[in-house]
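Per-chain numbering from 1; labels A, B, C and D assigned in written order.
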Amino acid sequence: MKDIQSQEDHRRINIKKVGVKTISYPVTVLDKAKSRQQTIATVNMYVNLPHHFKGTHMSRFVEILNQFHGAIDLRNFQTILEEMKERLQAEASHMEIEFPFFLDNGRTRESLHVHRYRCMMCGSLDEEPDLEFRINVPIYLPVSRQQVAALPRSTGRWGQASISVRFTVFMWIEDLILAIENRITREIERVAENDVTELSVEVVTRNIGECLSEMEEVRSYSVRVENLCDAYSTFAMMAS
Amino acid sequence: MKDIQSQEDHRRINIKKVGVKTISYPVTVLDKAKSRQQTIATVNMYVNLPHHFKGTHMSRFVEILNQFHGAIDLRNFQTILEEMKERLQAEASHMEIEFPFFLDNGRTRESLHVHRYRCMMCGSLDEEPDLEFRINVPIYLPVSRQQVAALPRSTGRWGQASISVRFTVFMWIEDLILAIENRITREIERVAENDVTELSVEVVTRNIGECLSEMEEVRSYSVRVENLCDAYSTFAMMAS
Amino acid sequence: MKDIQSQEDHRRINIKKVGVKTISYPVTVLDKAKSRQQTIATVNMYVNLPHHFKGTHMSRFVEILNQFHGAIDLRNFQTILEEMKERLQAEASHMEIEFPFFLDNGRTRESLHVHRYRCMMCGSLDEEPDLEFRINVPIYLPVSRQQVAALPRSTGRWGQASISVRFTVFMWIEDLILAIENRITREIERVAENDVTELSVEVVTRNIGECLSEMEEVRSYSVRVENLCDAYSTFAMMAS
Amino acid sequence: MKDIQSQEDHRRINIKKVGVKTISYPVTVLDKAKSRQQTIATVNMYVNLPHHFKGTHMSRFVEILNQFHGAIDLRNFQTILEEMKERLQAEASHMEIEFPFFLDNGRTRESLHVHRYRCMMCGSLDEEPDLEFRINVPIYLPVSRQQVAALPRSTGRWGQASISVRFTVFMWIEDLILAIENRITREIERVAENDVTELSVEVVTRNIGECLSEMEEVRSYSVRVENLCDAYSTFAMMAS
């Protein structure tokens, strides 16, 4: 027989999250080269809902968004989270903003000067604040002279790395991207010289893991590498 | 200065997951009415990778899939997980299969007889086995006579509930769907009679939570309800 | 028996289109209120390929994009098309840019101030130039006092209109959006007053068609209206 | 000044298409090997709407789907189109069904035995019947011994061909797939032997075009080839 007491517990249980999601909004992010980069974010905002509240005021999330109109950047992320806690009388507030970040690495005339990276900031204000940064780094194979001779097509998109990081200090998005891309490039070159080894998701994952664990700005991380161009997609994942 | 010791720890860290993903495969699921329902699954398979292994044999995942060709159903889910652990010499194996499940609830001539529900089975074989079942239940508003008089369009898709359940005993997918849908329908009728209240994501979440906590077959659950037809999407989430 | 002559014809047949697609690029569009709006475009560029050419130089598309870096707007659309024809020695050039356009219609404190519209410019330079503008306008149901009393949820997303227009003279995107939205709002109000009629995809399509045919700036158009919140999606389409 | 007469013309203009879309439905397709293959289709159904009708009966589309429940296959495609014309009193009826088709080409133990191809049947019953078949064929690069020695990863997904065909006589989907895949494989092998040439979207498009123009079963066709694994996606298109 089912215990009636526990049913009552269930009914009294708190709603963990309540909020709005996938709101499209123009935002500004800090950019090492140009100091401000305008991009377009998808925003999720939510709070916890104490059990003595019947529901939350969804429109207040939108009011807060309107209030910071045109200037949601990483500096006032925490201010917005505090505003959410106060206006919605919640114990915890959360905000996720996802946006494409463009990096101008135009060195050659023929390759695309502007590269796009999908980024996400996930912030929480519970007992203490928490901020996680996620980025997708596409992985391409380079063309070397011997490779062109041997193969129909040796360049091109190989896969992607999905990286999640908590920082100890501020770090430019550009610096994180370049550190990871340089590490992957060195590994691809090393593998290409050596006939036997293949570039695998395991090898790329371990390399990025090592790279992140050597950075002083990084407190903790997780890495997931996917090979998208294989006959069947393969992946590997690790975390600090 | 960074501690070299901890870097070595990082390098020795295990790769948590390695495997294949989004393989499209025809599968058979058990179906209360017809006993077997043929559908199409998207399959992810992965294992942990101990630190003394350089990489895993990705093709072995595919060999195992081929071996159970045409007969991956919920009964041999655990057999496949055991085969994965053994063939890939892993300590833990995981499989996720996502598939549309069709339910024939054809009572009226005019409404669609066959309804589609997105399902997912997530199984693990670590120290002990774990099996989680996830299902998406679309929520529609009904048409009553008064409503038609008052409003341009009062019926239609309102949102969806994403439910995740661990069972104590076997339960038919149909029985779970019908229990949840009946509860939602009763709540919508109750709200519709009462002028003041609005149907909110919080109310629907709490109703589904109560419904699941009253089922003997359900050991634990989480519920997430989204209103997709609002000016901005809203959602609420709770878990036992 | 198959005619060998016609096979040779097939082999000599021109490749109609060759190019690059889904390149993500930051662009600037003209904006009535602020004069310039920064957004993010997805760009497709292609040319015809005469049969005496074996292939085209794909990197030249990227060179042209780089050359107009940061300043692809509607004024230099034709200049880019001419550059493509010349640099790729083609008889016809085509460019499609798709981008979200944000309109600030913040009148109330509670509703979202910034609305997003998916836009697309499709330009061709064949014997004569052609420019088509496409826009998606989401359709929402309003809340009136009586409706709130009668129904659990009477507001919310109802569907969307996909409109394609060729202009006779320049027209602001804002003016096109407002004209269509005002027409839809008037029709929804008219239908809401009248108990019998329902708001249907046919009615909305005909209203938008009438609205566009009355605009002097519009040379030709097509309209497709979808109801996304129905039990099964319905749509209607018309063209001038 | 705008001519009032022409506005009235616009108001009398016919709605070209009205119907239901993206209905998910289990269907059966004919299969050379097993004679029947169960799969899951996404169905669109629509008719023209004469100007003296205010709207159409959307539920009748669903009634027709229910009537052929469980047995929508390519043989009764035309029967369904006739039923639509009659029941909806329309001059033209259209149906599109999109479905994954699985082909078992299990020759090796290590590669996936079951391959998935996205197919679409587009049928119309206007003055005369028309039936178009579309299929997406993924293109993979093979591994040869020399390639493995020279390159980190030489195998894997290269791109896809989207083929649209009108037939003169019945043809098995399997036979069409195998003819195209064999042609692509021969071309890739030819290119791989020759150091200079690269495999390009133009070359693959022309090869598939030649292959289709040599088939007696094919009355007309169009081909679009995309390279999805390049630094920026490239494509080429041709039609008979």
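Definition applied: a residue touches a chain if its C-beta (ideal position, glycine included) is under 8 Å from a C-beta of that chain, and two chains touch if they have at least 3 such contacts.
Note that this is a predicted model, so its numbers are computed, not measured.
K.L.:
Hopping along touching chains only, can you work out the least number of steps from chain A to chain D?
P.N.:
Minimum number of steps from chain A to chain D: 1.
K.L.:
Can you work out the rotation angle that lays chain B over chain C using Cα coordinates, in steps of 5 degrees?
P.N.:
Between chain B and chain C the superposing rotation measures out at 180 degrees.
K.L.:
Would you mind checking which chain's C-alpha centre is most distant from the centre of chain D?
P.N.:
A
K.L.:
What's the distance between the Cα centroids of chain B and chain C, rounded to whole Å?
P.N.:
Averaging C-alpha atoms per chain gives centres 36 Å apart.
K.L.:
How many angstrom lie between the centres of chain A and chain B, each centre taken as the mean Cα position?
P.N.:
Inter-chain centre distance comes to 25 Å.
K.L.:
For chain B versus chain D, what separation do you get between their C-alpha means, in angstrom?
P.N.:
One centre to the other, that is 30 Å.
K.L.:
Residue numbers in chain D touching 2 or more other chains?
P.N.:
Residues 23, 62, 111-112, 232 of chain D each touch two or more of the other chains.
K.L.:
What does chain A use to touch chain C in their complex?
P.N.:
Contact set of chain A toward chain C: 23-26, 38-40, 59, 62-63, 65-66, 69, 100, 102, 106, 109-114, 116.
K.L.:
Per the contact definition, I'd like the list of chain A residues that touch chain D in the complex.
P.N.:
Touch residues, chain A against chain D: 111-112, 140-141, 146-158, 188, 191-192, 195, 197-199, 227-232.
K.L.:
Using the touch definition from the top, list the residues of chain A that touch chain B in their complex.
P.N.:
Touch list, chain A to chain B: 2, 6-7, 10-11, 13-23, 46, 49, 54-56, 58, 62, 200-203, 205-206, 209-210, 213-214, 216, 226, 232-240.
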